[in-house]
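Two complexes follow with chain A in common, the first pairing it with chain B and the second with chain C.
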Partner chain A sequence: MREVPLQTEVKSAKRIKVSSLAKTRKRSDYFWAYLMIAPTMLGLIIFYLWPIVQNFYFSFTEWGAFGQYEWTGLDNYKRLLEDAALLKAFKNTSIYIIFTVPIGIFLSIIVAVLLNQNIKGKSIYRTLYFLPVITMPAAIAMVWKWMYNADYGMFNYLLSLVGIDGPQWVSDPNIALYSIIAVAIWSGIGYNMVIFLSGLQGIPKMYYEAAEIDGAGPVTVFFKITLPLLSPVIFFVTIMSLIGAFQVFDLIFMMIGKSSTALESTQSIVYLFYQHAFVLNDKGYAAAIAVLLLAVILIITAIQMVLQKKWVHYD
Partner chain B sequence: MRKWVIVLLTVILGVLGLSGCSDSDTASGGEKDGKVEITYGFWDKKQVPAIEEIIKLFNEKYPDIEVKTEITPYGQYFQKLETAATGGALPDVLWMNGAHVVQYAEGKVILPLSGMAEKDNYSFDNYPESLIDLYTVDGNVYGIPKDYDTTGLWYNKKIFDEAGIPYPDETWNWEKLKEAAKQLTDQEKGIWGYAALMANQGGYYDFIWQNGGYIISEDGKSVGFDKPEALESLEYNVSFIKEGLSPTQAQMTETAASELFSSGKIAMMFDGPWMVPEYKKNPDLDVAVVPQGKKRAVSIHGLSNVISSNTKHKEEAWKFVQFLGSKEAAEVFAKTGTVIPAFNGTQEAWKESVPNLNLQAFIDGAEYSVPLPSVENTGEIWQYETDILKKAWSEEASIEEAAEDLAKKANEALAK
Partner chain C sequence: MDRTFKLFTGKTFLFHFILIIGAAAMVLPFLWMILTSLKTYAESIQVPPVLIPEDFQWGNYKEVFGLLPFFKFMYNTVIITVLRTAGQLFLCSLAAYAFARIEFPGRNILFLLALTVLMVPGQVFLLPQYMIMVKLGWLNSLQAVIVPGLFSAFGTFLLRQFFMGLPKELEEAARLDGCNHFQIYWKVMLPLAKPGLIALGIFTTLWSWNELMWPMIVNSSPESMTLSVGLSSLQGQYLTNYPILMAGSFLAILPMLILFIFLQKQFIEGIAVTGGK
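What follows is the complex of A and B.
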């Protein structure tokens, strides 16, 4: 009877000793960890977090010339509610997202699966698909703009050979947005492909061997093994592509001229933001647009985080 | 204790590292080997050869002042300046246009030059009075005129010859222009008679003035876009597109009208003297004065060189601006045929620089020219013009709707 409490006493004494030791060690570990990430954190705070705070503050102000501003309370947000151009920009951006994200992901999975096979010259193909990613977006936009040119462009020349009078790819308000979407998909495949390739290579071979023994065909293998095991990667790529697509700007800026008749039907939220911030010098309102965009992206990403439990398999 | 020292050191090192990045990149240049470096910001790369020659001449006089050029395409020029001005990082010397001078002068980001000019006995009488007026804000001159430009009716002689029509001359009016455009248009060959540009200078401004209208009222409180004279002028412009005599707005954004013109797809178009270096390459092209409406009018505008308030080398910048405004520099511009130099008396040399073009047309225009209106919010009004009038040009909206919308937005901007 006496031994038992004694034992527990010893045990608890030991535990106290161990835990206080762990605490001091933990504390010094934390210290070094924080010290190591301090340079990065500082950069993050100075260049990302602080501007976000400032932007939030500026969204309640109205700007004059050369950096003077005054507090106007909720005026900018009231304007947001009745701005038809903003609504149109949201619509354009939504169309852009609905097409580029799913089609882009679908195509890059296909390309990644194909290039994951043992085919001849696969590194050459991988390089070719990755090339647009390391090319400057501005250069991509310029080259495509030339190809799209209605009078002298390559596409309309090819169409004219078969007797078709090609459209004005980037000036026709009904087509321009889709022309941009095509370029966006084309230039985005390579980046996603590389991530999917690494995901594919992380799937253990034994599943495929087991499937082969059980007599599963390639289609069944793809849908029952590859896709579920790739789902964490698909989830990651979806989130990143969505955020990227919400912020589309460069392609539109480069390919659609300022006096183009197609500008209204292509301008994205960020384009509108740019227009107010740097062309009309309406920086307060631009800040409010940026806050709204941040909120929308946060909400959509949060929804994805909740939904992922239903379809993402972590082994 | 020691830990805190380490933390402090890390922070300091980090901050030093960061400030290290920005230190080497100040816009206002520094000094090296006793030489002072100043920066010169402008947008037109066609003028680079002339400007380089002028800098060379300048360095013969002042070998210790090094001038670094910074070219920004016109589309981004004023956006970049706006940001640079906010951060106190403007080039020491820069190009200014009439649309922005009031805003920049009142924002105190460019320096008044009158005081320095008085001290150095520098005379403003060497330039056309209208240009000095354009750059005078509250009694102070802020810019030394560099050049001026009016508009001419450029035409393709070959297309005229093939259609058997006499070349345009000073007797032409609106009806004649329309009639000729009809005769010159050849849809089978893909030739348009005229390019109805959606441009203010050398475009609808000129037509509005010719029709007796105005852009900004004399008290500076309202615009005249929705007045009957303006509506009629806009209608006249767009009618060329409606009747198939001009490329559509979409076509002109796909391929610039100037490119269509120099490749022989357009018979006539309004354009400025700044296109001389480009158009003189094609021997088929020539230029005449613009046709008249109810009266003769053509817009005039000129650029000037200004000094930024954030310059660290005010004296050197002023020397350079003086030199840019000198007869010597004007002659370089004249000789190369780049622009019409503003220095009185050097225009003849400019005219003779390209003898096979009738450049007299631009100088003639100066007589009955109207300066581009300049108020504090001109830049903003220009933006509304582009955004709204393009709907009328592309026939998405009626002229009346567009003009009314434009007048409303522009009046709001004026009331700010």
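What follows is the complex of A and C.
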């Protein structure tokens, strides 16, 4: 306590010292801050941010056979509007999204809710459902293609047992996209389930206890308590699933051969981008497709942001 | 007695019933992969199908190694995965610490710039990135996959959240002891951000191991191929020999499977954390 009078006495002298000390401290703060963010910021600028600018530039160019390109203005964008293959790819991707996202989310919520109950073997179930998440899409595609095999595959054998002549799962243009959708749903359940499960565990127990006292049945509890309180998580998962589904490539690339009869009816926008960019050496047009992808993804996010006000409950 | 009996009554029975059907659907493809990988070609195309092969054809696995430089692919994938993960953990946490704990001019603008990368779909970077690799002469090299993969806006964002949640007092105490920012980061903050580091580590490991498009674009020679790309090339060559294809697939997923079995909790929590933030 004896320091108190002393402090007031030397206050003015100390202030100068303190402020110069604060200055050097600040300067050393800046030095360390810039040093610490430098590698990541430089890397992001060189490999990610500058490429965004470049991609925009490329989208106004046309490429020749030897890597030279020339400015062609809006030609690529005009082409986008008239490209029947792109329209088809857009349709395919939309069908893929319309099925995988809602069904995937629905199934993973069910699994998460069941695993959130007081039952035995929870962690074993959780592990099994998670298996596809850690498996490389190339291998997933391979084994499913084998099970889909029209002549020797498991599915058509099982169908033959009940007298059905199974289809050509991955080469019939009318069916192939749905075969891919089934695989996508299968491989995505575990990922979303884990996120929903951690969301469910964040719902306070008291809500359920109160509902029990009021005599609410399990269905009422699910719709009146679980679903509304889970809605921020559902919102988040929906956006991420939509964006992810919009960029589908691996499964289609691996399951549908380059010369398959079903290619036209399954190829996605990203598949088309890959084709133009790295197979057909039509890089300017590919860059325009990438810009289109960016625009659509920003629109999806914006729409979701507006819609969330209507159905997401934050407490 | 009562509890075991309860397992089989009403609601719980229904829950297990649904969960078991789902779990079977999850596991069966893997089982079928393994069983097929041990069959002879003739067995694999037999109708009705052979469930358990008569003699386990371990030779199929040997054949995969003979057909493709599978060890090389495995080596490439491990190197890429390890370096990308270690690099990202270090560089992202470094930047995340500065963004979360130090005030400096331009902090918000720089962070916003990093966030832009998060909003943009990967295809937008791909072409220019490819051109950069061409210019650097890095096509068909491991660094073509490693170097761009060292920097992550996502990782920086994720770890920043963790650092922001830590109490200020810790830092002040270390400062009074004369630590500079790097020392505070290294000795005080990093150990406390462990859950975040594990989450990012798992996420990056999974991503690097399984990624297909970028490694396929930049590395098409067997010397620098990863397992994912190797598998897709195996498919092109041995279109119908499913025992071989299944053996190759199983070999490609085996290391991640083993890692998962040992680190189940970390994997699942890591995904919950990276997904939930």
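The criterion applied here is as follows: the second predicted complex is superposed on the first by the 268 of 315 C-alpha atoms of A that agree within 3 Å, B and C clash if a C-alpha of one lies under 4 Å from a C-alpha of the other, contacts with A are read in each partner's own complex, and residues count from 1 in each chain.
Just so we're on the same page, contacts are C-beta pairs under 8 Å (C-beta built on N, C-alpha and C of every residue); 3 or more make two chains touch, one makes a residue touch a chain.
Since the structure is predicted, the reported quantities are computational estimates derived from the model, not experimental observations.
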{"item": "Residue contacts on chain A - larger count, chain B or chain C", "value": "C"}
{"item": "First, second, both or neither for A:A210, with chain B first and chain C second", "value": "neither"}
{"item": "A:T261 touches, of chain B and chain C: first, second, both or neither?", "value": "first"}
{"item": "First (chain B), second (chain C), both or neither touched by A:G190", "value": "second"}
{"item": "Touched partner set for A:Q168, first chain B, second chain C, both or neither", "value": "first"}
{"item": "Touching partner for A:I299 - first (chain B), second (chain C), both, neither", "value": "neither"}
{"item": "Partner chain(s) touched by A:F278 [first = chain B, second = chain C, both, neither]", "value": "both"}
{"item": "Partner chain(s) touched by A:Y152 [first = chain B, second = chain C, both, neither]", "value": "both"}
{"item": "Partner chain in contact with A:I52 - chain B first, chain C second, else both or neither", "value": "second"}
{"item": "First, second, both or neither for A:L74, with chain B first and chain C second", "value": "neither"}
{"item": "Interface residues of chain A shared between complexes with chain B and chain C", "value": "35, 39, 43, 46, 67, 149, 151-152, 278"}
{"item": "Footprint of chain C on chain A - complex, ascending", "value": "28-30, 32-37, 39-41, 43-52, 54-55, 58, 67, 107, 110-111, 114-115, 117, 119-121, 123, 125-140, 142-144, 146-147, 149, 151-152, 154, 157, 186, 189-191, 194-195, 197-199, 218, 233, 236-237, 240, 243, 246-247, 249-250, 253-254, 270, 273-274, 277-278, 283, 286-287, 289-291, 293-294, 297-298, 301"}
{"item": "Chain A-facing residues of chain C, complex", "value": "7, 11-12, 15-16, 18-19, 22-23, 25-27, 29-30, 32-33, 36, 44-49, 91-92, 94-95, 97-99, 102-105, 107, 110, 113-114, 116-117, 119-132, 134, 147-148, 150-153, 156, 180-182, 185, 206, 209-210, 212-213, 217, 227-229, 231-232, 235, 242, 245-246, 248-250, 252-253, 256-257, 260, 264, 267-268, 271-272, 275-276"}
{"item": "In the complex, chain B residues that touch chain A", "value": "3, 6-7, 10-11, 14-15, 17-18, 75, 79, 82-83, 85-86, 103, 106-107, 109, 198, 249-251, 253-255, 379-380, 383, 386, 390-391, 393-394, 396"}
{"item": "Touching residues on chain A, where the partner in the complex is chain B", "value": "31, 35, 38-39, 42-43, 46, 65-67, 149-152, 168, 170-172, 257-263, 278-281"}
